[in-house]
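Shared between the two complexes below is chain A, which has chain B as its partner in the first and chain C in the second.
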Partner chain A sequence: MAELSFNEDHGYLEGLVRGMKAGILTDTDYHNLAQCDTLDDMKLHLQSTDYGRMLSTSEEDLTVSLVDSKLRENLVTEFSCLRSNALPPLSTFLDYITYSYMIDNVVMLITGALKQRDVAEVLPRCHPLGAFDQMAAVGIARTPTELYSAILVDTPLAQFFQEAVSEDNLDEMEAEILRNKLFKAYLESFHSFCKSLGGATRDTMCPVLEFEADRRAFIITVNSFGTDLSGVDRSVLYPSCGKLYPEGLQLLTRAEDHEQVKAVAECYPGYKIIFDDPEPESGCKTLEDRFFEQEVKLNTLAFLQQFHFGVFYSYIKLKEQESRNIVWIAECVTQRQKSKIHNYIPIFK
Partner chain B sequence: MCSLLRGEEMCLAQLFLQSGSAYDCISELGELGLVEFRDLNPSVNTFQRKHVNEIKKCEEMERILGYLLREVKKADISLPERDVNPVAPLPKHVIAIMEQLQRLEVELGEVTRNKEKLQRNLLELTEYTHMLRITRNFVQRSAEREPLQVQYEEFPFLEKDTMMDYSSMQRLGAKLGFISGLIQRTKIQAFERMLWRVCKGYTILSYAEVEDYLEDPDTGEPSKRVVFLISYWGDQIGQKVKKICDCYHCHLYPYPSNNEERNDVVEGLRTRIQDLHTVLLRTEEYLKQVLIKASESVYTWVIQVKKMKAIYYILNLCSLDVTNKCLIAEVWCPVNDIPTLQRALEEGSRKSGSTVPSFVNRIPTNDAPPTLIRTNKFTSGFQNIVDAYGVGNYREVNPAPFTIITFPFLFAVMFGDLGHGTIMALFALGMVLYENNRKLKNTRNEIWNTFFEGRYIILMMGLPCSERRCGRLLISMGIVFSLWIQMLREFFTGPYPLGIDPIWNLASNRLTFLNSYKMKMSVIVGIIHMSFGVVLSTFNHLHFRKKYNLYLVFLPELLFLLCLFGYLVFMIIYKWLVFTAKESRHAPSILIHFINMFLMQGDGVQPLYPRQTGLQLFLVVIAVLSVPVLLVGKPVYLYWLHNGSHRLGMYRGYERVRRNSEEELYLMRAHDMEEGSGHSDLSTSGERQKEEFDFGDEFLHQAIHTIEYCLGCVSNTASYLRLWALSLAHAQLSEVLWEMVMRVGLRMDTTLGVLFLVPVFCLFAVLTVSILLVMEGLSAFLHALRLHWVEFQNKFYSGTGIKFCPFSFSLLPSSFEHDGLL
Partner chain C sequence: MVVSEFEESSLLLDEKLLRFMDQLELLEEKRAALNSLIEQGWFSMSKARYSIGNKRVSALQYASEIEPLVCVHARTLDNGEVDFCTERSKQKGSNEAGKEATPIEDIGPQEEGVRRRNKPKKNITEKKEGEEASSEKAPEVTPSRKSDQNPQQDPLKWFGILVPQTLKQAQSSFMQVIELSAEIATLQTAVLNSRQELKQCRKDKPILQESSATQLEKHSD
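After this line comes the complex of A and B, so read on.
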C-alpha cells in the first residue's frame, strides 16, 4: 500500500534520479574515452555527455586530480540537490548514505593526525559527502573513548560507537579496527532501517547491504593475513547482517590463508564466481575489482523496480564507480598505459 | 506561391573549396544561411577531427569571455548596443584577439584578487576592532570571579562585579592564557559544547554578539557574528582550544595584554582602516575602468568567436580530396539559390586572395532531400501549426496555405462573437503594429512569446469573428446580429447584413432552432473541409507520378465520402430550400431518412422528393462498392506491375539517362520502389537490383488505410460537431456572464445604481477577458487545431519529412545567452 502514496512525497525525486541515471556513461562513451590520447581529448568528449562543461570552466591546467575533484563536486551537487528536497523517511535514508563517507573521513583524519600531518592538509582530501562540522577537531582525540565523548557525540556517528569505545591509544592499527567496528555497526543499523521501511525498498536494499557486509568480512579476512590480528579479533569486526552470517563467518574466523577463504566462498554461489578462476591473474583483475563488478551488477538491479529508495543508493554508488572509471582512464591516458585502459567496470552494458 | 504549396526544389551539391579559401567561403555561406551541410566523416570521433585544436582555442576564448561577462555583470555595467554584426575574424587576426583576451584576463584577475585581498584585510581589521571593543567589557565584568569559579563559565555573567583593574588579574594567574576571536553566530552553541567536553571545563568562555552584519569573505553574504573570549589554564589545553577554534573556522586575533596596549592597537587599527578604505576605493575605480574598456568590445568578440567556432565545426564535416589540395563538402541547397551560392563562393575566394576558384557541382542522389518552405512573418505562424504536426515530405502538398484561410474560419465558427472578436483583433493589431519594438521582441517571458509569435494568427482569427458572427456582448444594445451565411436570407422576410435575425432571441424555441441550425452548419462545413482534403491528395498523386493512385485510391475515397455524407449535405440544403416556415411543421426528419437509406426501407415515411428510394439505393451501392476497390485495388495493381516489370525495366533505364535532375531521380526512385523494383545505389554505380515485392505487406497497409478511412469518415464527421458544441458553449457562457453580473448592476434604478455599476462593470470586464477571451479563445484554438491536424490533414498529408536547417550564423545560439549573461 505504500506504493499508493509514494509519489506524493518522493515521486519527484525518484523521477529526478531516474533522469540523472540516464546520464550515466554508456559503453560507446567509454569506448570513445578509451581512444583519447590526452586529457584535453577526454574533456572534449565529456562535453558531449551529461557532464557538459564541467571541466571547461576551470582556469587551471587539466590534471587527473582536477578531474577527480570535479567529478566529486558534481556528485555532491547532485546529492545535495536530492537531500535538500527529501522528505522524512527518504531524508534519513539519504543521511545513512553519507554516514559511510563520514566514517572514512574520521579514520582518515585520525591517521593523518597520527602522522603529524596538518589538518588543513588532510581536510581537502576528505570526501565532501561525509563532511561535518566537527571534522577538523577529530585529530585532538587520543583514544576512541575521547573521540566519542568529546567530538563525535553530537554527530550522527555517535550511534555506531557503542561497541567501538575503548581506552586503547589510537594508532594506525587501532584506527583501522575502529573503522571496521564503525562500519559493522553502520551496516547493521542501515540494514535494519531498510528492513523497517519494508516494501520494495527492503527487497532491493537488503541484498545490496548484505553483499556489502559480506564483502567487508572477506576483505577483513584477506587483509588480516600476515598481521597480528587473530581470528577471534577478526570475528568482532564481521558485520552480522550478511548472507555469510552465522556459519560463513565462523568459517572465516578459522581461515588461515587465501585457499581457505576461497573454500568458504565456494559454499555461496554468489561469491563463488568472485573467487573463481584466479588463473588469468595477468588480466590483473584484483579481488577488489571483482567485488566492484558484482556491486555494480547488484546496483543496476535497483532500477528495475519502482516506488522504493534503493535507486538513490544505487545511483550514488554507480556514479561513484563511474568517477572511478573516468579517473582510471584519465590515469592511464596520462601515464600512457594504453594496455590497461580497458580495466574499467562498465555500468550499463 | 508554388514554393509555399510544395516547398522549394532542393538538390545535393558538392562544394570544392580550395584549402586556402575554405574558411572564407564557409564564413560567407554562414552569413547567407543558404545551405545545409552533411557530415562526410560520421565515423570519426569529435576529438580526432582535423580542426579540433582550433575549436579548443575557441573554447578557451569562450571561457575567458564568460569570465569577462560575469565580471561585467557583477559590476553592473550595461553592455553597449548589440546591433553590431562583425564577420568572422580571419585566422591571422585570431591570435591578436586571443592575446587581447588573455591580457585582459590576467589584468582583471590581478585586480580582482587585489580587491578581494583588500576586502578581506578590511574585514579582519573591522572584526578586530569589534573584538577589542566588546572584550573590554568581558574583562571588566569577569575579572574578579575567574580564579575562583573556573568550572562555570556562565557564572561570571550572572552578577555585576565591582570594577577591577585588569592588572590585578595578571597577578593572580601567571599561566592564564587568552584566546579571542569571532565565530559565526549559528555555530557558537556547538562550539561551546565541544569546548566544555574537550577541556573538561578548564576554560572560561564569554561571548557577545556583534551588532552589525559582517560580510562573509567566502560567500559574500552578510552574517551575524559573535565575539568570544576564552581564558584557559595551561599550554596543553591551549593547544586543544586552538584546534577547536580552527575546526569551527573562528577568526582569531591576538589579545592585548593590558589597557595601554589595547588603546594603542585600537588607535592603529583606526588609521589602517581609513587607509584601506581609500586604497579599496581606488582599486574599485580602476577595476571599473578596466571593465568598461572590456565591455565596449566584448559583445563583438562574443559574436566573432561564435562564428569562428561554427566555421571550424563545418570544416570538420568536410573531407579532403585525393590531392589534399581542396576540401569537399556536401550540401543540400535550394535549386534557385545555386547562383547565389556560386557568387558567395567567388566572394569568399576573392577575399582570401586565392587564385584557384572554389566551385559548386550538383550531384545526383537518391536520398530524400530535406523540406524547405520559405515563409514570411505572416505565413510562418501558420506554417508552424502545420510543422508541429509533422514536417512535410519533400515536395508534398503543404497544408499551410489552406490553413491560413480555413483555420481562422473554423476558429471563428466556434468563437463566433462580434464583440469578442473585435477585442482580440485589436489586441493582435497592437502587437503587429509594435512588432519592431525591441522590448517586445526580446522578452524572455515564454507565455508572452507564444502570443507574440502567433500575432498574425490571432489577428486573422479575430477578424472573421468580427465579420461573421453574433455577440451576446451586444445584446443589451439591441443590435444583435447572429450567424453566418447569406443562405439563410431567404428564410426570413428581411435580410440582415450579417448574422441571424435578433428577433430569435425573444422566441421561445430559440435554443432549439439555433442548435439544429448550428449542428447542420457544422456538418456542412466539415464535409466540405474533408472533401477538400481528399481532393488535395490528387496533387500529391499527380506530382509523385502515381497515376494509378488517382483511380484506385482517390476516386473510391471521394465516392465513398460524397455518396454517403455528401448526400446528407444535399438533404440538409434541400430541406432548407423546399420547406418554408409555414410548412415546417410537416417537414420530415433528415435523420430518419438517412437511417432509412442504410436500412433500405422507408416505405412508411413520406419521401422528400420523388424517386428518392431509387437514388438512395444507387448511392449506397456505389459507396459499398468503392470499399473493395479501395481495399484491394492498389495492391493487386502493384502486384501485376511487379510481375510484368521485366519488359518495362529497359524503358525506364532509357528514361533515366534523359532526365537528370535530382528531383526526377528521386521521384523515379520512389516510383520504382512502389512498383517493386528499386535501385540500391542509383547515383554511383547505376546497378539495378531487384527488390522483393511483398504483396502481403502492401495489402496489410492498404487494409489498414481502408479501415481507417471508412471509419474515419463517420467519426470525423461527428468530430466536426465540436464546432456546434463550442459555439453553443461560448454563447451560453457570455449570456450567463451577462445575466449574472451585468444585469444585477443594471437592475438598480436609483442614483446609487450608477455608482454601483462601476465595480460591476469592472468585474464583468475582467471576467469577460479572462474567461471568454483567453480561456475560450484557447479552447477554440485547440479544437480548430485538432480539426486541421486530424480531420483535414490525414486525408492527404503524411508529414514524415525532415526540415531543412541551413548553416546560418544568425540561427546559432550563443552559449552565453543560455547562461543569461547576454
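After this line comes the complex of A and C, so read on.
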C-alpha cells in the first residue's frame, strides 16, 4: 500500500516537486515572451516568473547561449536539491535520470578529443547533471573497450557496457554507435527498474520509457538515411523495451526511406498521428517536434497521480522542454524570424 | 547614306545601358536569394539545436584548424572583368589496404563530403566470413570503420553521424550560398565594368555628336 507509507520517505520531495511544477511557464508567459523584440525584453519578462533574476545576475553579454546555460543551471540547482534529500529507492531513481546526461557527456568528451579540443575547454560545456569523477580522462581512450576498462569501469555507466565494448577505434561513427548502444542499455535497465518498483511508478514511467525507446528507434532510422549506417548496423541500436519490439523494429531495420518508416508507424495508432501529413496551418513541424509534443502530453499525465516517482522524471523533462521553448523564442527574436516564433510547445494550458 | 558614327555610338550606348540594367536586376535578384539562403541556413541550424540540444551544435564540435573544402579562383578576362569560380577539392580516396575495392561513387553535381560507398554490403559479407572463422579475426573484419585520418571529411559529421534533417538542410543552404557568392562577385565586377563603359560612352557622345553635325552640314552644302 504505497499510499500509506510513501510520504514517510518521499512526501517532502513530492511536495517540493509539485511546488516547482506550479512555476512552469504558462501560455500567458509564452505570449509575453513572444512579443519581445530583444533579449533584454525577454530578460525583463522572465524576471516576473519563477526564474527571477537568473539572467540579471550575470556579467556576461546577453546571448542565446547564455540564456541556455542559465536555464540549465537553474534546472541543475533544483535537481540537486531533490537528489540531496532523497532516500532509496527514490535516490536510485533520480540517479537513473542522470545517466542519460552522463552518456551524452562521455560522447561529447570523445568527439572533443577527436577534434583536438582541450579537455579544459570541453569540460565546462558538459551537462552538470551528468558529471562524474573520471570525466577528464575520457578523451584519452581510443577504443570503447579501453574506455570501459580504464576509465568508466568504476562509474555508474559500467553496467551499460555489455553490448558496447568493441575494439574499433573511436571515430565519429564509433562514438555515435557507442552513444546509442549505451543509451539502449540504460533505457532497458531503467524500464526494468521502474517495472520492479511497481504501483503507480510503473504505471506512469513505463509508458513514458516505452515511448522514448520507440522514438529513438524512429529517429535513428530516419536520420540514418544517406549515411554510412546500414539497416543491420542500426538494428543493434534500437532499444527493445518499447511497443515496437519485436516486429516493428524488424520492419524498421528493413526500411530504406521515409515512406517505409511511415508505413511502419501506421501499424501503431499512437505513432500514426506523429507521422501523418501535417495540416497546412500548423507550419512545417519537424518529426522531432511532433515527438516532443507527444512526450509533453505523456509527461503531464504523471501529475494526475500521487505517491509515485514519475513526477520527478516528468518534472525534469518538462523543464527541459520549457528551456527548449525559451531558447527557441530567443533565437527567433535575435534572428528576426517572428513568423516561426510560435513553434514552441506549451506545457500546461 | 552613310550611317554616322554618332548614330552607331548612340545605338551602342543604348545597348550598354540595357545590359547594365539587366545586370543590375540580376545582381539584385541574386543578392536577395543570397540573403534569404543565409537566413534560412542559420534558422535551420537553430532548429537543429532545438532538436538535439544547444551544446551539440556549437563551436566545440569543430577543430580549431580546418582545411577548406572549397577554393575560389579569380581570373581576369580580356575585357577587364574578373571571373570568380568556386572549386571543391577532390576527395582523397581512403583506400585502406584494398578493402575499398569499389571506387567512390559520384552522385550528381559536385557535392561536399564523402560519398556513400558500397561499404554496408562489404561489411556484412566480411562480417559473415569473420564469424565463420575464429573470433581472433574480429578486429580484421571491420577495417572500413577504422578512423580514416582523412582530413577532407564531410563537415556534417562533426556533429555526429545521426544528425537531424534540419542540419542537413542548413548545410545545403550554405553550400548554395558559396556558389551564389562567386556568381555575385563576378556579376558585381561585370556591373562595375559596364558602368565604366557607359561613362566612357557618354563622355564620347558629345564629341561624336559635334563631328556628326559638322559632317551633315558638309553634305548638305
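Keep this in mind: the second predicted complex is superposed on the first by the 344 of 349 C-alpha atoms of A that agree within 3 Å, B and C clash if a C-alpha of one lies under 4 Å from a C-alpha of the other, contacts with A are read in each partner's own complex, and residues count from 1 in each chain.
One rule holds for everything that comes next: a residue touches a chain if its C-beta (ideal position, glycine included) is under 8 Å from a C-beta of that chain, and two chains touch if they have at least 3 such contacts.
Worth saying up front: this structure is predicted, and the values here are computed from it rather than measured.
Novice: Tell me the contact category for A:E331 with respect to chain B and chain C: first, second, both or neither.
Specialist: Once the two structures are laid over each other on A, A:E331 reaches chain C alone.
Novice: State whether A:D228 touches chain B only (first), chain C only (second), both chains, or neither.
Specialist: Only chain C is touched by A:D228; chain B is not.
Novice: Given the touch rule stated above, what does A:V153 touch, chain B (first), chain C (second), both, or neither?
Specialist: Touch status of A:V153: first partner only.
Novice: Quick one: classify A:E60 as touching chain B (first), chain C (second), both or neither.
Specialist: Once the two structures are laid over each other on A, A:E60 reaches no partner at all.
Novice: In the overlaid three-chain picture, which partner chain does A:C36 touch, first (chain B) or second (chain C), both, or neither?
Specialist: The answer is first: A:C36 touches chain B but not chain C.
Novice: Once the two complexes are aligned on chain A, which partner has more residues of chain A within touching range, chain B or chain C?
Specialist: C
Novice: Show me the residue ranges of chain B that touch chain A in the complex, using the header's touch definition.
Specialist: Per the stated touch rule, the residues are 45-48, 52, 55-56, 59, 63, 66-67, 187, 190, 193-194, 197-198, 240, 243-244, 246-248.
Novice: Along chain A, where are the residues that touch chain B in the complex?
Specialist: Residues 32, 35-36, 40-41, 44-45, 48, 56-57, 59, 119-120, 133-137, 139-140, 149-151, 153-154.
Novice: Would you mind writing out the residues of chain C in touch with chain A in their complex?
Specialist: Checking each residue of chain C against chain A gives 39, 42-43, 46-47, 49-51, 53-56, 58, 60-64, 116-117, 119-120, 123-124, 138-139, 142, 145-148, 157-158, 160-166, 168.
Novice: Sort out for me which residues of chain A touch chain C in the complex.
Specialist: Touching chain C: residues 64-65, 68, 104, 108, 111-112, 114-117, 121-122, 125, 127, 167-177, 179-180, 219-220, 222-224, 226-233, 286-289, 324, 327-328, 331-332, 335, 337, 340 of chain A.
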